[in-house]
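By written order: A, B and C. Residues from 1 in each chain.
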Amino acid sequence: MKSIAFGQYYPANSPIHRMDPRAKVILTVLYIVCTFLCRNVLCFAAILLSAVLLCLVSRIPLRMILRSIRPLIMILAFTSLINVFMTKGEHLLTPTWQIPLWGSRVWRIKIYEEGLWNALFMILRIIILLIGTSVLLSYTTTPIALTDALERLFSPLKKIKVPVHDIAMMTTIALRFIPTLMDETQRIMNAQKARGADFSSGGLIRRAKALLPVLVPLLVSAFNRAYELAAAMECRCYHGGEGRTRLKILRLRFSDVFAVMLLVAFGVGIFFLNRQGIGYTMK
Amino acid sequence: MAESFIHAENLSFSYKGQNGADDIPALKGVTLDIQKGEYVAVLGHNGSGKSTFAKLLNLILEPTSGTLIVGGTDLSSGDLPDDELIALRRRVGMVFQNPDNQLVATIVEDDVAFGPENLGVPMPELRRRVDDALAAVGMSEYTDREPHHLSGGQKQRVAIAGIIAMRPECIVFDESTAMLDPLGRREVLDTIRMLNRENGITIINITHYMNEAALADRVIVINDGSILMDGTPDEVFARRNELRAVGLEVPQCAELIYRLREAGIPVRGTEISTVEACADLLSAAFSAEGNHHG
Amino acid sequence: MDKIVLEHVDFVYGTGTPFEHKALSDVSVRIAADRITGVIGHTGSGKSTMMALLNGLEKPTAGKVLLDGYDVNATAKELYADWLKRPEYQNMRKSTAKKAIRAEVEKRRRNLCFRVGLVMQYPEYQLFEETVFKDISYGPKNMGLSEEEIRIRVPEALRFCGLDESLLEKSPFDLSGGQKRRVAIAGVIAMRPEVLVLDEPAAGLDPLGREQIFEKIRQYQRSTHSTVIIVSHSMEDMAEYCDDMVVLAHSGIVAQGSCEEVFSQVSMLDGVGLDIPQITQLMRILRARGIDVPENVYTVEQAAEALKRHFQSLKGTDT
């Protein structure tokens, strides 16, 4: 029950799950770049194929992936409408469509072929972005491994006094306490409901006010937890990132490097495919 | 005197008064010695100063006055160089009350590794320590679980493993069973006993449960910042009226024997800290009575 | 008389997800009015779920929860046929009567949490107001009570919990742990619930604090004649302070009845992950050694009496 609410990690044993998280972060960035490189049908076909392959390799069930798309349906619909109606091009598909308004005024609906293509490409781009990032990162990487990878990737920044370790530590602790605080919120809400609190009726201001009996205790308890945790960490000899060793040593394997190289090659391929004048090319 | 691990003499601590108010004394001149390998329970009601005592032992709080020497290090001044402070906290581990507020990582083994990682324990050794510590508390099969899926007792055992992995000489339990159910409490208490008996770790268990105190070799009762009693569980439980007077109660069986003696029934013997011992005393009393009259 | 009845109640969490979990399975319980009932069970036995069902925080997946014989989760539709025959609705036009019934059902649903007051575990974590007075009046205010009425109820609730009225204008965050706990309980008592449900009211308190809080709960019940339900996993406390007991284990009921009846099944209690009171263990050992003492003894008082009697009988054998 709690796992659904917290994070998206889907435990499985796939090549992607086993990959070095640093490689996955780099791959994700590259993949996003590739998606934005795509300009024509060939490119989108290629990248769609790659997304399907990724899904298969990752062993994430299709319904999980579809579920992550569902909340985006509104955005997808909105983007495609904007593209369909706002793109101006050369091939007008609807020369005769018009809606009478008042008097003799009419509203001419102008949909261009280019608009349809743009809408299709935008939808594909968003979906592929989502599949790419979720399969390469969020579904297959635990939040903690991700934090760890980011800490190491950004560690050169320590030289210019960016507190990389501290930020990573804080992120880890935040991740650790999200489920705890969510449970706590539920408990406090139930406690106040038992005293007749009503969180669901009334206007915006009334509802915000009704949340006060939840937020105050939640903050008080979060501060208490913070104090106790700080004491516990001191008792366990925490003194910043200096001189710390790690239980989990990340090792880039050949396969990780190979995957990155493969994706770079894929990007180069896309770049050249764009130059083929096949069908419509996005601006 | 044999080497005592903890030596306190006239040890006092006061909390600073807020906004110019008077300081609030929490510990008033405590003098005691705890030997290496002892299993000590520190009893007292809420606000008696027992938790303050615990927090002085690894310098979470700094003594206001008096002498405190822990494992050869003098903490009286409350000021230690960083490396000595870290060395002290490695040797004297501490397990707190709320299991949720002392686990740092989102995966059990990462959490257990947190202490030794801070100490800079290098890799093959680190892995071994984590595995050993989890095995010692019987949590090996939960290595890669997330702490928030565990029961209270299991979380607390993970917290203990996190301390053991630092290879401490002494562990202070600050009401570590107060938030657990009977099953979780038993798990933690069994672990504590095992650490004391098999690994020779000095145990200081701060508690207000009498049944827990009965498991220790020695019970120290603190009231109003001073030591009220110091002895074996049997000796302490025998002073039932004094305990009641400071808001504590003896285990049910000890209470029963007290009431029978009050009623003039001659129950002889001093071993009253366990159910079995009490049963022995009572059967002896009854058969004596039976023989006497029979 | 039964105040609360649970009829074949099932409760399933997360239906249709991989985390589906049956928290209660075919649970039937009767809770008598004007008594203190202890509900005991190990963690995960379903006792907290059962509490949430009583005041409408959760609805059963199957089965009924009856308060004074009224199914608290019944919809107006289910009640039409029955209620239309009642004298108060008989003389109305059918559509008016239906509307009235719907309003009545809605009102009962809303009032359920005021009639069955629930004090959750570690209730001190729900305090939020600037003063103790304001915090205790939160519930009564939500009930829509008048200012004067609240001024009567708040100090009364505070007294039931054994706290001094001088605390009323203090901030609840400046109080000691035990005092905070009592203020939180007072916040529920101020709603004057017919049923007061407390989940582990003494958790984390020292022996004196425990004794005081249970003593106050008992005094409250005896003086108001309300129905009190205490949820706990401590058999020692329940044996001491409850009239009746319900034992839950693994999502079902294993025993219910008066304390004597439940404790006469001690052998069964071994297998449900609960601690048997020390005194009961002691008496069992004595029995096993052939000493003639009753087995279902669960308080020090009873044990002392039984052993004194036994001792007298030993003395008496030679005269």
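Keep this in mind: a residue touches a chain if its C-beta (ideal position, glycine included) is under 8 Å from a C-beta of that chain, and two chains touch if they have at least 3 such contacts.
Model, not experiment: these values are computed from the prediction.
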item	value
Between the pairs A-B and A-C, the one where more C-beta pairs touch	A-B
Chain whose Cα centroid lies at the greatest distance from that of subunit C	A
Chain centre separation in whole Å, for subunit C relative to subunit B (CA means)	33
Where subunit A and subunit B are represented by their mean Cα positions, the distance between them in whole Å	47
Rounded Å distance, subunit A centre to subunit C centre (Cα mean)	46
Residues of subunit A that touch subunit B when the two form their complex	2, 142-144, 172-173, 175-176, 179-180, 183, 224-225, 228-229, 231-239, 243-249
Subunit A residues touching subunit C - in the complex, by the definition given at the top	1, 3-4, 184, 187-188, 190-198, 212-213, 216-217, 220-221
Sites on subunit B touched by subunit C in the complex	45-47, 97, 151-152, 178-179, 181-184, 208, 210-211, 247-249, 251-253, 255-256, 259-260, 263, 265, 275-276, 278-279, 282-283, 286, 289-290, 293-294
Touching residues on subunit C, where the partner in the complex is subunit A	13-14, 17, 19, 21, 52, 55, 57, 113-114, 117-120, 123, 125-128, 138-139, 142-143, 173, 187-188, 191
Residues of subunit C that touch subunit B when the two form their complex	42-44, 176-178, 203-209, 211, 233-234, 236, 273-275, 277-279, 281-282, 285-286, 289, 291, 300, 303-304, 307-308, 310-311, 314-315, 317-318
